[in-house]
Amino acid sequence: MFFRMIEKERLPDLIRGLSTEFEVVGPVAKGDKFVFAPIDDPADMRLDYDTTILPPKKWFFPPEETMMRFRVADNEVVDDEVYAPPRVLFGLHPCDINSLQLMDNVFFGAYIDPYYRARRENTLIVGLSCVPSETCFCNAWGTDEAHWGFDIFLSDVGDEYFASIRSVSGAELVDRHVKTREITDNDTRRFQERTAAFKAAFENHVDTSQLPLLIDAKFESPIWDQLGEKCLACGACSMVCPTCYCYDVHDELEPDQTMGRRVRTWDSCQFKDFAAVAHGQNFRDSRASRIKYRYYHKQWGYLSKFERVLCVGCGRCSRACKAGINPVKVIEALQTGVVS
Amino acid sequence: MAPRVVVLSLASDFGCQVQITNTEDHLLTILGLIELSYWQLASSGHMPDEYDVAIVEGAVTTDEHAHLLRDVRGKAAVVIAIGACATIGGIPALAGSGSLADRYATVYGDGVIVPAVRRAPAPVDSVIHVDYHVPGCPIDQSEFLRVLSRVLLGLVDHTPDMTMCGSCKIAENVCFFDSGVGCLGLVTRAGCGAKCPSLGRPCTGCRGIAPDANVVSALEVFERAGGGADALRSALDVYNTASEVHV
Amino acid sequence: MGGVPRSTIAPGDRTSAGVNPYRPWPARITSIIDLTPQEKLFELRLIDEGARAAFDFDSGQFVELSIFGVGEAPISISSAPSKQGFIELCVRNAGDVTGALHRKQCGDVVGLRGPFGRGFPFEEMKGHDVLLVAGGLGIAPLKSLINHIHDDRHDFGNVTILYGARSPAEILFRYQFDGWKHRDDFDLILTVDHPDDTWEGDVGLVTRLFDKIEVDPANAFGAICGPPVMYKYVIAEMRKKDMDVDRIYVSFERRMKCGVGKCGHCGVGHQYTCIDGPVFNYWEAMNLQEAI
Amino acid sequence: MANLTVEHVARIEGHGNISVSVEEGVVRDIQMDVVEPARFFESMVVGRRFEDAPLITSRICGICSPNHALTSIKAVEAALGVEVSERTRLLRTLLVYGSYLQNHATHLYVFAAPDFVGLPNIFPLAQTHPDVVGRALKIKKLGNELCNLVGGRSVHPVTAVVGGFTSEPSSRDLSAMRARLRDIVGDALATVDLFASFKVPDFDTAGEMLALTSPTEYAIYDGDVTALDAGWTRPAADYHDTLRESIVGHSNAKHSTVGGRPFLVGAVARMNLNAQRLGARGRDALEASGLVLPTRNPFHTHVCQAVELVDAAERCAGYIDRLIGSDGSSEPVAVDVSAGTGAGATEAPRGTLYHSYSIGDDGLITKGDVITPTAQNLANLEADMRAFAPTVADRPREEFVLLIEELVRSYDPCLSCAVH
């Protein structure tokens, strides 16, 4: 990795430069919230955003995507190519950068998902430092820092960005499109100060000690029933979660019924039919069992395979859940036995 | 052999039938897959004695409607209910609360006698078994085409059972509750892609209460941030008067 | 995905980067046998010769059967790995895909992906006694194992098969089992819940049959497949016979959309049925919350 | 000929029967029985919040729902004293025109055209005259898409609410729409040619004709009511004083009269009263059609609707110019709730539509009233049937029935609207 300083005023140069080679996607305002959207004008980019409604996963694993097109008559695939335009995701916070690595474990792994892979390989990531909001708790998982998984990372140190450059492409792009200078000792000191201030700014301090064991041990706890009573079973938490990857697959025929497409769409383990099988059997019929499964899988199921918890503390689910259920509360309930 | 299809309407505004004609790009293709035996809105001709598929729009508001439906059920292998009126009672059912005589008086003046055949408005499946449902007020063309495709393939009805908020998130809408406005998406059956919230308007519940909805918890949410529990109850009346809500 | 010529890679290839694991391989239905009103036995052959030659599986593994326009369903392979060039699927008409398959005819083309998952530990079982317990459609994957053992019979000790069905008419593969009734290298006991006039065999739950059998706990492997409610009771019987928890194997059915560990539907406890199972040993299963 | 009934007249919106009573070979009476059961919209809105009125009453009719929604909104706004922006008015006008394009195309090609070519429906024409069917679907689709663009949905628009719009189309989408509107003018002109070429019965109605008029434009979204024969012009809001509604035994729909006379609303009335305010292309089309105004022939509805298609396409492109050129807002304006009563009127594709409401201090509706174009037309339609039937009574029974049906269809009636 190497480092450069970029004057804030010059950042639009970089964005404009990237736009000549890539589709640039960054945070823009939607009402009083933010979303990641293609950027036409660098001025639209809201680098002061707290978090977005949907995480960046939609740029790799869209809410709905055609896996293949087929012909009914002979049951043949006519096309399963993935179109993945060269793209830059600009302004990702550390939690989101980390979330993509958790997704990678799933979509690469034993069988490689060609759709996810094509987009992942064609997308550069430009990270951006942030300020914790009242829903953030990435500090609990160590996902408040991104050490890899980006091409360029911009840390805001006042009138300049302290840019960490991870990849060859990142280095070339910085060289090509924006004026930079070498870092000095003073710059690294400013960087350290920023980091310390950031860490000190968290309101949430979640005790995650022995959480995987705790959640396994408390499988029969009444807290799950209490949470199940509140849960709206709407699946909003899963949709907004940068680390939720479950999907459904269905076929859709064109009106003439001769050709069609196999489509995958985001799904949620909070939906009642998620674990239903034929003959009326449903392995997770109750809301309580489903909400329990969501946490069980995130805190222990995934961890049992990849040694990481499947949550980056981005707080999106806390914002999305109208019933007021969120990991901070659930972890607290696991520890105290009381749902607040 | 192409299935013989009839299109019928009970108490409705014909909007869902209009939506079928609004599949312009595909209308002729669809008509090529079926044998259209009766469609009063679009074609002259009489209701035939034999047919395979009956598409029914509208709520049941008279005994004649009920008789017609029983007759249809006896003849058709497949019955498809389209639209809020047919699937949940919809807006016609809003007239189901209170006294019919008063409503006659309001509309026609005092002294008008309620015809004996009138009944409280109700969805089609309150009278006969319905094989496929296309909810919504009006129906969405592409959903109708999907259901029709399932009918032609002999697949089972597959109306989504979850509520709207998941798809609303996918549409990246700012939730109405965040600004203290109630939205029925919390309890309404998904499948429209959260059409109304995406257009800046809270969901009005035209697809009916989702089987998986947690109405009790939704009431609390309305109490906290959506204009009170009564706002939920009153909003639900618009389309869902004929539905039993377990609160 | 483009790039790799399709016939040089096996359908179940996990590693080749050019393979789209979701893309079904066309397979022709070469025979259909009506077993019961709800179940049919389909013989399928992959159309691509290279793929057919490379198709290799273990008993207990499954394929994703694909009918475009309808969808996919995970189905256990019923034939034995020792029989090459085709596979058999014993399928109950339970909904969309299975229903559409039931409407297909000999010569029609469907799609296959797989084989997927972890099957029974055939090699480990060698040299041991094997006790196989099936309930209803659970015989489908076990039949693959039974036939495989049959083809390698001298490598195994005592082989006992307990199979319970609802009624005599619902006994699957009866033509084969009737033929085996009098063999002395297989102990086969059939039971039904609802006997008819012709039924001379046992009546009642499959667990009842445990009184009739001898098990050498030091030597025996168990394999169970059936409806979810069955496992607890059968395992209890096996434990009564002192069989080792890690020599009892169970095969689970869960909802699945991908078969390759991504879609999340088949989660059972902290594992996925599709890649970690569907066959688990009982020690693993005991550690899977909500599994049994 | 004996008494006869035609049950569930085809290719009209809603359920209605025609009954003809014949005595000694002479047509004695002829009635339009509207069998559509009452749906009580006027009573359903009572007790509900004013915002719900457009949502609920737009379900009176799925064919011209944008009109019901907007008329209801206008009535609520009148009751509460809400003033909307110019931009909102422009968008609303576009929405009405979207409904015109789709309704007229449907009425002309799907409902009426089969009569002229002797077919039960339009679909067989897809094989023999693909250009005609293609044109029909193209115009209809553009109408729907204009509604989708502005209203979010063509049947029961979503975005139009009391005070403004909850969401607006982007300029990019608007200019794409403008290009397509310009492109459709040719198809609309071809429609005028086609319907001008069809021979229609020579028949004049005796009824009065009413339509909204405005000094500045071909009145669609707003205007006063003008009577062609009587010559007066009155505020639309006074419709209670102008129109008399009465209940008739054989029909679930009420009948209306003006000054004791039945009257006609719809394209013929509009054209008679507004032709001088057609746009350039519309005027050319009217001239090319050979139609001489004023006309009293209800069968001329078709040509008048076709001319309106041309005018709509041209006019909408102009409205879009204005929208793109100005930067006002259509965001719903804040509403101060205080008790009031108000009425609204628009020209629906089938004629003038009125809504009125009384609203209490609590924002709840205490009274609602709706008069639909078809309800206004029914009395005149029956009078026309009575006058027309004897002139064709000598025809073979089937032809006789068809001609009566054609007269009914020329009114483009919407019976479920009429019984609301």
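Chains here go by letter, A, B, C and D, matching the order in which they are written, and residues are numbered from 1 within each.
Here is the rule we go by: contacts are C-beta pairs under 8 Å (C-beta built on N, C-alpha and C of every residue); 3 or more make two chains touch, one makes a residue touch a chain.
Quantities reported herein were computed from a predicted structural model and do not represent experimental measurements.
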Touching both subunit C and subunit D (chains): B
Chain whose average C-alpha position is farthest from subunit B's own: C
Length of the line joining the C-alpha centres of subunit A and subunit B, rounded to whole Å: 37
Distance between the centres, which are taken as Cα means, of subunit D and subunit B, whole angstrom: 25
Centre-of-Cα separation between subunit D and subunit A, whole angstrom: 51
For subunit B, residues that touch 2 or more chains besides their own: 149, 153
Residues of subunit D whose C-beta touches two or more other chains: none
Multi-chain contact residues (two or more partners), subunit C: 69-70, 95
Touch relationships between chains, expressed as pairs: A-B, A-C, B-C, B-D
Parts of subunit D lying in touch with subunit B, wherever the complex brings them together: 8, 10-15, 36-40, 42-44, 46, 48-49, 52, 55-56, 59-63, 65, 102, 106, 110-111, 114, 120-123, 126, 133, 137-138, 140-141, 144, 152-156, 158-159, 161, 166-167, 247, 254, 416-417
Of all residues in subunit A, those that touch subunit B in their complex: 30-33, 35, 53-54, 63, 229-236, 238-240, 252-253, 255-257, 266, 268, 271-273, 287, 320, 322-323
Subunit B residues within the subunit D interface of the complex: 9, 11-19, 21-22, 24-25, 27-28, 31, 36, 39-45, 61-62, 90-92, 94-95, 102-104, 106-109, 112, 115, 118, 137-138, 195-196, 199-201, 204, 234, 238
Complex interface listing, subunit C residues touching subunit A: 1-2, 14, 17, 19-24, 26, 66-72, 92, 94-95, 98, 109-111, 227-228, 253-255, 257-258, 260-265, 267-271, 275, 289-290
Residues of subunit B defined as touching subunit A within the complex: 23, 26, 29-30, 32-33, 145-146, 149, 152-153, 161-166, 168-170, 172-175, 177-178, 186, 211-214, 216-218, 220-221, 225
